[in-house]
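Shown next, in structure tokens, is the structure this report addresses.
The letters A, B, C and D name the chains in turn, as written, and every chain counts its residues from 1.
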Amino acid sequence: MSGRSLRSRSYLWPIFIGMWITARHLFFNLFHMRCLPTIQYPEQRRNYSPRFRGLHILTVKQNGDIRCTACMLCATACPAACIHITADEHPDPNVEKYPREFNIDMLRCVFCGMCEEACPVDAIRMGPGYELAGFDRNDFIYTKDDLVKNGNNTLSHVTHH
Amino acid sequence: MKTVTLTINGQAVTVNEGTTVFQAAQAAGVFVPHYCYHPDLSIAGVCRMCMVEIEKVPRPQISCNTVATEGMVVRTDTPKIKDTVKGVLELHLINHPLDCPICDKAGECKLQDFYQSYGLYTSRMEHEKVHKPKVQDIGTIVLDSERCILCTRCVRFTDEVTHSNELGIFNRGDRSELRTYDEGPLKNDYTGNLADICPVGALTAKDFRFQQRVWFLDKTKSVCTMCAHGCNTAVSINSSTKKLYRVEPRRNPEVNQSWICDTGRWGIHSLTENRVATPLKNAGGFLDATWNQAFSEMKRAITEAPEKTLVFLSTAMTNEEVVDVCQVMFALGVKNFSWLVDEAVVSETQPFDGILKHHDLSANARGTAEILKRLGLTNLGMKAGIDKVKTQPLSQVVAVGLDAAQGPLWVEVAAVIPTTTQSFVHATNHHPSFEAAKWVLPNTTSFEKTGTIVSALARVQKVNRILPAQGLARDSHALAWGISRGDDRSVPSKERAKTIFESSIQSWFCPGEKFSQFNEMGVAL
Amino acid sequence: MKYEFTPERMKEFQKVKAKYERPRSALLPALYLAQEQWKFLSDEAIQYVAGLLEMPAREVFEAVSFYTMFRKKDMGKYCLQVCNNITCTLMGSEALLDLLHKELDVGLSETTKDGMFSILSVQCLGSCGTAPVVQINENYYENMNCDRLKITLQQLRGTT
Amino acid sequence: MKLLAPERRIILKNIETPNLHQLSVYQAAGGYQTARKAVAMNPDAIIEEVKKSGIRGRGGAGFPTGSKWGFVPFKTGKPIYLLCNADESEPGCFKDRLLLERNPHQLIEGIIIASFAVRSLKSYIYIRGEYATAAKVVQKAIDEAYGQGFLGKNVMGSTHTIDVVLHRGAGAYICGEETGLISSLEGKKGYPRLKPPFPAVSGFLNCPTVVNNVETLSTVPWILANGGEAYATYGTEQSRGTRLFCVSGWVNRPGVYEEELGCTLRDMIDGHAGGMKEGAKLKAVIPGGSSTPPLTPEEVDKATLDFETMAKFGTFLGAGGIIVIPDHFPLLKLLERLTEFYWDESCGQCTPCREGTGWLYKMMKAIEHGKGTAQDVANLQKTANQMMGVTICALSDAAAMPVLGFLKKFPNEFKSAREHT
């Protein structure tokens, strides 16, 4: 048992030193709550930069119509091939084409933002949302309505010229 | 035929007298941008894109109408030409609607393609574009006259190919508008070709509208088997979802120029519904069975009474399949073969409408007849075969390789089935007339097999597999192999087809052709 | 109503048609005759002419929409065609147009409610020496000015 | 002030004679003698005579008529057609109308001689739809000529047949273009045709066809009567003979004047047309009809009316329509009218012209209404250049050249638009 002093071998002393450091932090923080870095999530939230790439959003026109024209450029640009769109004839002949289904498989999405850049009509954006928990794999298939609903409650209504 | 030699971009080219500079450039592998030129239509010379510079001629000339003469020096890549083409392209685009996101032609649109190679300018057009009627339903095609660049290909098509004079350009100047003269639907059988030859998205097929983006599709060369003409096709599928989206014509000046009829193009959809998915045993009602049971049953039935068995050979089978089936059946002692064809029309070699369509819906009637002759087997012919089953009790019928494209021929076969003790029908789709059959076995369609067929024009052409077999469908190779072995050990159909091709078909029909690199244009018999 | 030429017009048509190597060359004269009989060229009239000339109906529809002097819809009894080209504009044809709009209170290529007048703005009528010019139906009214135009309108109204 | 003396006039020699449109009056003035002489001559001699006269087409292209007749392949066995282009629709030109309404027989005599020369048995007069009165007069003259046996079978006692048919157009400037006229005459839209094949080889119904202007054909009788050399004494070395000039715009006596080629533009305006109206200052002159670039006042003083000098000033003699623009008339308004004309009259067959004319008009309308920007003016220049030399017929060039001409020679007219960014 050479090389280790009696004090370190006596086991109680290192315990005391450790507890002492912990107590010091505890009592210091107890009385200096303000300068603590931790925040009380979910009541408090960290604000991310506007360029944060979170949960996708399908933007809408002023008349509430979905802006996406199902041109498939996002599906083409997506490296994870997780965007599946089926296009259909829009009831209004001036609009012609719209997505009947617009599914994003969040389990596959790598949140790279290529879809946002590919979109010619700014129909898909990556919003600030990052709470993506779910109980079942199917919860992660976000449908068109989810993505549009996502847009309404996250974005203050962005005015489009 | 006298030839002339000219130099294009410094490269000497020799062509027959009378060919245009454009065709000479094409022969020399020099690409010249064009919209209104089409190899199978007359020269319009209105899009003005195919400008080339010719020595000793002051102004750039359109190459599609300028006949090549001896010693002509042509340049297609001078800065002057690039500027001229860029200028003309810009004028094509100033009133063109920004429809790319919703336009089906995106990805194969010539405006996009030529903009990438000749345009790349920032648009200077700040004024209101000219507006024309947008989505118009003209039958099988959707017309958007705002996208139309008035290249008149479609007008020439309905004048020169279908002679139906339906499409025209009305009004004058930039108010010129393409539409049918009575704004009614198109009334010819070749409307699908309009969507192909339209270089932009003005004419798009309703069947393909918004279905898939073209860059997700993979094309495979094949041949249409919906009638005896054997038009060359290119079939597009989405290789990840294995879904078939489009059948397009493939240019073959000997057979179908650049056209296919609407039945061959859109008729395939009717074939994909109610396919026979699994082998079915008829015990008071059809029950799913396995190929193993089917094969052992067939082997047992045929070996028991080969002289009582009649084999119906569908004329939708490839040459290799016919040889395979006949050899196996002959080995089991069967003598009676008859092809399944409408004998009244099988002798017609020319299309009845003067363009492409044939009354004879069989894909490989000539091949089947030729093979039976070569194998020394008598072809009873359909009527005689059926009578033989009715009168002399040929108690067993094996109908091999039936394809829904054959259409109504089954009804006559079905009439015979109830009188037989044992009947096996190997078909692609269900048909009410099969109720009485003992066994119904799933067959592959022509998209799911590879092999050669002989068209009514006596031309040997190759059908290529595009999709995997649907459900448990097996082609006739697998059927023949299964019957000879009596069990279901799987057999590589492609290798079997290759060996049979090399052993017999090659020497009989097309010496010198290799199975894998078969001549895309087909070979005369 | 059955679309057919009156017997004399049919005789006239046959006489004209005989002058040409191919019947379809008589397209313009035939359309003039049809426009003379029915005042404008309805779809049925065009189909009838196409049948007469044994040519595809599409090409006749195309020609009718191509040439400016064929009317596809009913116009006024008098078509006031004001030249809008260089010399006539220099010599004041715009004032004439403004006068007509004020006087008849209809816009360009529209017809007055009583069906009497239509105002058309047309290209050079080949009368620049005597500009500005107004063509009413088939006659030229040259060296026109606002006063003479008013008088002409009265005269035309007077003659109904 | 060297003006052509009335007695030396060729085409308008007896235009003042009343009722000249009637056959009897025309014959009294010596009409149809030359035709009678011609049908007895050798056709090639007539062509030779026309070649010697050096006359060039009066319709606007200015192609030597003699050689045009010479191109016709006579031995193809196919019928040869002579078409008289009376579709005069060029803004600023109204000379053919004068000839058609006042002296139709001179034209018919010219057609008889020309048909005989080019071995044509059938000729058509394609008259513009709007010239209704002129059409009636010409039709009556044709009927009179048939009555006298000057037309139809065994013309004037010869074994030659010449039929003349009057064909009325229906309002399309493009049918003034040779092949546009031919398409219209075949019962189609007036779409010009790809050249080659040129009409001389394969024109009307794919047979050899010669298309000549009314004025050109009306000159032929005089040339044959007095010989080519006599005609060549008029005019200059490269522009032989006399021609009709239509002076219009802000002048005291607008009208049609026959003048020797090579006379100065000043003489034409001040002499024949009586100078500027109300003493207004000259701003610009369009020398040859709407598709010819303009001349600045300085150029007007130096310019002489012949093919070569006009080319020196970057413009053309064209169809002889001289439009005099006074100082108070804004050129932007003129250009707006001009571009609207070509936008309205483009047949729409070739893309550069169909879309280009529309765009030029939109830009000019914006500039004229004061909403034009410097970008518009730059675009105007670039688009006009893009439209030059890239289409089947010359309408695209005719639309672009005046715009380029005004931009080059009158830049300050566009100054207000240029500052407006």
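We take it that a residue touches a chain if its C-beta (ideal position, glycine included) is under 8 Å from a C-beta of that chain, and two chains touch if they have at least 3 such contacts.
A quick note: this is a predicted structure, and the numbers were derived from the prediction, not measured.
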Higher number of C-beta pairs in contact (C-D or B-D) found for C-D
Per-chain CA centroid nearest to the all-protein CA mean: B
Distance from subunit D to subunit C - Cα centre to Cα centre, in angstrom: 25
Whole-Å distance, subunit A centre to subunit C centre, using C-alpha means? 69
Centroid of subunit B to centroid of subunit D, CA atoms only: how many Å? 55
Need the CA-centroid distance for the pair subunit A / subunit D, whole Å please. 75
If you look at subunit C, which of its residues touch at least two other chains? 59, 62, 66
Of all residues in subunit D, which are in touch with two or more distinct other chains? 172, 189, 344-345, 347
The answer for subunit B against subunit A in the complex is residues 99-102, 106, 134-135, 209-211, 213, 215-216
Residue numbers on subunit C that touch subunit B, as the complex places them: 43, 56-59, 61-62, 65-66
Note which residues of subunit D are touching subunit C in the complex, please. 88-94, 96-97, 122, 128-133, 163, 165, 167-173, 184-190, 205, 246-250, 254-256, 286, 290, 321, 323, 325-326, 329, 333-334, 337-338, 340-341, 344-345, 347
Within their complex, subunit C touches subunit D through residues 19-22, 24-29, 31-32, 53, 55, 59, 62-63, 66-70, 84-87, 89-90, 122-131, 135, 138-140
Taking the touch rule as given, give the residues of subunit A at its contact with subunit B in the complex, in rising order. 69-73, 75-76, 87-89, 93-94, 96-97, 120-121
